[in-house]
Amino acid sequence: MSKLVTRELSKAFSGLVAVNKLSFSMEEGEILGIIGPNGAGKTTFIHLVSGILMPTSGQIEFKGKDITFSPAHERSRLGIARTYQLIHPLENLTVLENVMIGSVFSRGKNLKEARSAAEAICAELELDGLGRDTSQLTILEIKKMEIARALANEPEVLFLDEVMAGLNSDETRQMIGMVQRIAKEKRMAVGVVEHVMGVIRELTQRVIVLDSGELIAEGPYEEVSKNPRVMEAYLGGAA
Amino acid sequence: MLKKQSLPKVAAVAAIFVAIILWRPTVLIYGLQAAGLYASIAIPMGLVLGIVHIVNLAHGEIMMVAAYSSYMLCSWLGIDPYISLIPVAIITAIFGFIIYRLTIRQTLKAPELNQLILTFGIAISLTQLANIVFTSQTRKMSFSYVSASMDIGELSFGIYNFVFLVAAIVLAYGLKFFLHKTVAGKAALAVGQNPRGAAIVGIDVDKTYGLIFALACALVGAMGAMFITRSAVFPSVGSPFTMKSFCLIAMAGIGNIPGILGASVLLGVSENFLKAFRATRGWADIVFFVLIISVILGRSIRGKRA
Amino acid sequence: MKLKASWLAAALLAVAAIILPAFLGAYPLNVARSIMTYMALAVSWDMLLRSGQISFGIAGLFGLGSYASALAVLRAGMSPAASIVFAVLFAGLVAFGLGFAILRLRAMYFSITTLALMEIFRIIMHNLHDFSGGPEGVVLPAILFNGEAKALYWICLAGLFVTIAASVYFEKSKLHLALTAIRNDEISARTSGVNIFKYLLIAFVATSMLQGLMGAIQVQSYGFTMPDTAFDANFTLLPLAMALLGGIHSTIGPMAGAVLLGVAAEWLKLKIPYGHLVVYGLIIILVILFMPKGLYGLAKDKFKKSHDNRVKGKLS
């Protein structure tokens, strides 16, 4: 069974259609690339799936269960986690506490269990200095913390919204390795939004391409990148 | 633009109004007069809150300062409030500008909560300072023109208080003109929508905030001067108006200045409706609070759905 | 080690507070009671503030507790002790019902609505002449413990202890994570599984019960109340100023602020009988402008800085 399925999912903001009848599915253990030009509706789509926004029409199913209108915190408990394109650190909490929250509230662990779970996740991501305030972190560390926070939910479906943005090439390499390891070890379905096509090519088995809220192509990256409609969307009709 | 669904609502409101006029004409007359006072004090706050998004919980206290200033000018020098209105407006404008420079400016970038607590502190300080300087005694002046009245058939009523309704209408449409037709007004709109963007296109954001805040203080100051012709002055006289103004702005929708007039009529008429009967007179004050809560909640629920 | 030391200090302070009446006369005990009442209100206000919600309605719940307790004795013939329990439950129930509506609101909308609710409670008590005594209020047949100053001190202290215990629990349990997350970033909190409404409701109901408790203790200790006393704006203003001065988002900050301002207020009341409250207004302004973290926050930063320097010194 597919982990996550959407059917004809749409979202309109006072007339403007941001996501238009989008149907897709994600399978266990796959890394899916979500690409498209700016304003294509990638982030809105993740907002819909994670429950930050409610859809105008359509349906979302998680492991066969209808979650179209479930609140965000319930989806997080079911096993959908995400990071944010614009980082959202909780600045009055330490790094460790930031990560613990998912264990406590999504997994229902007590503080002690959550602490050791969070420490284990951070160790896995090679993130240390866990007693620090989030204001003291580097960009790479913040991105790692965001991923650690998502992993603390122990998700089955994980969306990474531009986690590579702002990283240098070494850091990007490190991050790619990390995402691959996570997806493999935890048998997760991972959706990756990224603008750097090199990352998408290396990381994903399959991509979906959005343009003006519509799904215009789907398949392996090599195939999709030669699709004339995709080239047109990226080049604005010049091709 | 009238939507189809709102037609029955409009018809119902109109029907209620006609019924009230026929049954108790004074409810409508005094309701409109009260509405004028509420609106004329709320509109300057609507400018600050709705256009440049500064929360000022000391709004009513600025009016109180103006009322005392005008009271003193009148009792010492015998200047009629309608003449002292201009110097008083200048005094409160300067006063407001100083408050802006010294305090509010520092909280523009801080969380909104800081502004809320800060202006709450300013409100308390001003009320208590007035308490120290003027004591809590109520002061009232009487003017001959206030007792002007009118007879229609058997009905006799005071007409003086309609002056506040006129003032409110002048303020609402004057500000609308200011915001859409003048350079300073357009700058204020731009700053309110996007301070950073406004700075990029060369608008002096800080100056605009200061100007709008001072302008609002001048307007509410002028209203404070007029206020003493109708009501007594005491240190806490302004605070209920802060809340009422806030409520009216929330009812009209933040940024909709002429809408404040409509909201005030609803509030004024409903209050006077309850005041018209002995049994419900004591409950008139509650109308406002029930309105504010239902309006704020209604908006938040509708906002959720959108 | 450090943790144990702070528990020990807290225990010593508690013991000192309990045995204090042995050394004080009736007047200082009266002052102490008033400070303790404000302290409990300041701490409870801060507990909700940790979620980012500013309530201007402390006096509303306090007054509601007062009236619930007084009317339970007068109209339902409850014993004073039972009436205090009743008032706490009643305040909690009212907060629970109201919470479903007003906890959807944020920032100034929440604040203004809490202020409006307080006024509604006051007007209701003002107008229900036959039931609540109208503007003249109600007089109880007897004062708790026959007005014995020491006993009244201890019951007020008990109310304060309950409040502090609740606040410490808020700080040490997962409520701390939930409320801080809500204050910092609601969207992020939701994706980490925090049910925002649930935790706001817990905080709102709990703090309302504490405020109701202090109101009930107050009315049973004085034996009378009326709308203008029970819903006195000072019960909102003073706790707010105390918590801000001492340092928000902590238990110790509001407590320290209450002691400082409470003692200062007694002195100022004698110096400037009319308008001594101006000091509270000015403190609110100055603290927001120059010391938004309060005294406790300032001390914590200082300690941290010197600690960091020491660590750096050791490394180099």
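In order of appearance the chains are A, B and C, and numbering begins at 1 in each one.
We adopt the following convention: a residue touches a chain if its C-beta (ideal position, glycine included) is under 8 Å from a C-beta of that chain, and two chains touch if they have at least 3 such contacts.
Source: prediction; values computed, not measured.
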| item | value |
| --- | --- |
| Chain pair bearing the highest count of C-beta contacts | B-C |
| Greatest separation from chain B - chain, by CA centre | A |
| Separation of mean Cα positions, chain C and chain B [Å, integer] | 32 |
| Whole-Å gap separating chain A and chain B, where each centre is the average of the chain's CA atoms | 48 |
| Between chain C and chain A, distance of the C-alpha-averaged centres to the nearest whole Å | 42 |
| Multi-partner residues of chain A (at least 2 other chains) | none |
| Of all residues in chain C, those that touch chain B in their complex | 52, 54, 56, 101-102, 104-105, 107-109, 111-113, 115-117, 119-120, 123-124, 126-127, 237, 240-241, 244, 272, 274-278, 280-285, 288-289, 292 |
| Residue ranges of chain A touching chain C (in the complex, touch as defined) | 50-52, 71-73, 76-77, 81-82, 84, 88-93, 97, 100-102, 104-107, 110-111, 149-150, 152-153 |
| Chain C - residues contacting chain A, complex | 173-174, 177-178, 180-181, 183-185, 187-196, 249 |
| Complex interface listing, chain B residues touching chain C | 55, 103, 106-107, 110, 112-114, 116-118, 120-129, 131-132, 135-136, 243, 246-247, 250, 282-283, 285-286, 289-290, 292-293, 296-297, 300-301, 304 |
